[in-house]
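Pasting the structures here.
Here come two complexes built around subunit A, the first alongside subunit B, the second alongside subunit C.
Now for the complex of A and B:
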């Protein structure tokens, strides 16, 4: 996640929630720059979980496009001061 | 399974129609200047005794500037990107030659009880695009999702109503990930069936480069 950014950047608190069979992270809350794209969250999850195939979604409602801005997601769908992002492992073909 | 959620991720034909109506109206309100979703009523030739209205959603004439280089041969069926030399100095994109047109249809699958996306692309002269051409038009994350996720893969199938081959995202994993997406983790929660299609589209749209505006998911609209 971005460690350095201009003072004018607003940071967004992202709460990562495991669903289905996905592993739970030790640390689940992070701050990310508002003008980062959502793909940064997806990539962060992939690195932390060492898995390529992840299903990532917000608010039991939709899966954000990777180039959406985190601040737009937070402004529209955040609550209690954070953006809740759910993730699950993509299941293999049965 | 006996899990924490009783819903299986599918939707009924009536819920499909209601959700299609909701998607159509919201899309019109949010994107009035873009091509619109249209409900196409029709009847399948082989069908049973469905007395309810049947049809599919169509979004057509989505223009996409192609990513292919201008100095590629235009009438060579065997053309491949590796054969044509890429010359930065002569790369010019003109609206006529390099505009691709896409049609997207959302069709209800009675066997899987989920929506299925059918799509096709073609050049301005009507020449259909092969999948390898289409893939060049898509953003990088689309390829990543299609290649990595076991839940989405493309095949070519006969369109259920139009009886000609279209590309489609196979629906066999749909109910599994829709169960996660809309089911939530409260067993007593009823899934929000009215927004099923916009939720579904937020996922499948990414695999085919169809951009879904954020406002579509705002339930206050």
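Now for the complex of A and C:
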């Protein structure tokens, strides 16, 4: 978790992890602007995996609203310096 | 002071916004055009849940085709996953009664709003917010995940129907509240004893701070505004700063006032220091997290490169607060709060059913354009 108070212009490291039979990406760690919305991550995954139906979660726990800022998600749910995002082709944690 | 008031919770559950819903003129195919429909929108509910009431009223005049329902207020498409009461408190600086909204069944603006595919979309959003809140409070959301399907469904139906007692009966099993003065989650019957809970709060008896889920919406209005009616209406969601940041409270701070809690969320506003140093916002972009092995890792969002790192956030207007900003008003559940109220009272009684406290903050600034984080 970030030690200082969040500044919107920071980059956040996102670790993308496949769940179930979802395809595994060659590169799984990316940086994204803290000020971007979570929907950027969702769209990125959709483009990379060429799939429209994707279920995207944080820490294998819940699906954040696409409007959430990545920096907020990182500050609230990140650990070990990154935000873990899981993706699946079907509902994994309903 | 009694930190839990069933009476207050009842007021919140029974709160509703009188709505006057007009069909957008482009979708009217009959003469005379249909009159608007008057509907009560539950404060803690969501606009798409009203569609079964609204649609029959307009269905005979709609053009043929498939529907994707969305609402707008003065041209601003409304985010359907924000509770109705919060939308009203935030967008209507001066409460408008009835609140005039426009409903659309076609032409969904996919670029600014995620589509709502009926009640299931709203339920999904609600359950995930509940899990998120549980995660913030407990460090995991096992309690929600372990709920039976039947319980989840009953919880949702209680919310849809405004059945407070039904809701409280099931949600109490989640052990997410209410909070006592020592920051410990209390159940109605026992005090600080270990309980057979579906998911136990980690912080009981430990030094770990308790965390309270908050969704903060900050809107700037002109500082010189005498009459809220004259506030410039929001035409774009970029004009609102949305912050998802929990309030962290250490055990010793149990008697926190609402004002103190707000200070932790918006320190720059509350400490009332003029932001004269513009460079505060122009600091070079840093990467959070200590790991340096990501030096060459790709960046999501395309246009980032080494030079762009000096530009704080690409595409966002770089605006700072030019002089002292003052809180004009803070609204929760339509109430303008007294800053001295114990914060736990506010949380226990004014939170929404998904355990988030939604706070609308109106800040007076010298320039209408400024946004704040």
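Operating definition for what follows: the second predicted complex is superposed on the first by the 82 of 94 C-alpha atoms of A that agree within 3 Å, B and C clash if a C-alpha of one lies under 4 Å from a C-alpha of the other, contacts with A are read in each partner's own complex, and residues count from 1 in each chain.
Operating definition for what follows: a contact is a pair of C-beta atoms (placed from the backbone, for glycine too) under 8 Å apart; a residue touches a chain by one contact, two chains touch by 3 or more.
Just so it is clear, the model here is predicted, and its values are computed rather than measured.
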Room on subunit A for both subunit B and subunit C (clash or fit):
clash
Pick one for A:44: touches subunit B only (first), subunit C only (second), both, or neither.
second
In the overlaid three-chain picture, which partner chain does A:72 touch, first (subunit B) or second (subunit C), both, or neither?
both
Between subunit B and subunit C, whom does A:19 touch in the aligned arrangement: first, second, both, or neither?
first
Is A:31 touching the first partner subunit B, the second partner subunit C, both, or neither of them?
second
Touching A:85 in the superposition: subunit B (first), subunit C (second), both, neither?
neither
As a test of reading the superposition: which chain, subunit B or subunit C, is in touch with more residues of subunit A?
C
Hey, what residues of subunit A end up touching subunit B and subunit C alike?
39, 61-68, 72-73, 76-77, 93
Note: in the complex, subunit C contacts subunit A through residues 79, 81, 114, 124-125, 128-129, 131-132, 135-136, 140-141, 145, 242-246, 267, 281, 283, 285-291, 294, 297-301, 304, 312-314, 316, 373
In the complex with subunit A, residue positions of subunit B that touch it:
139, 141, 148-151, 172-173, 176-177, 180-185, 192, 195, 198-199, 202-203, 205-206, 211-212, 214-219
Can you check the complex and tell me which residues of subunit A touch subunit C?
2, 5-14, 27, 29-36, 39-41, 44, 59, 61-69, 71-78, 80-82, 93
Subunit B-touching residues of subunit A, taken from the complex the two chains share:
19-20, 39, 52-53, 55, 57, 60-68, 72-73, 76-77, 86, 88, 90-93
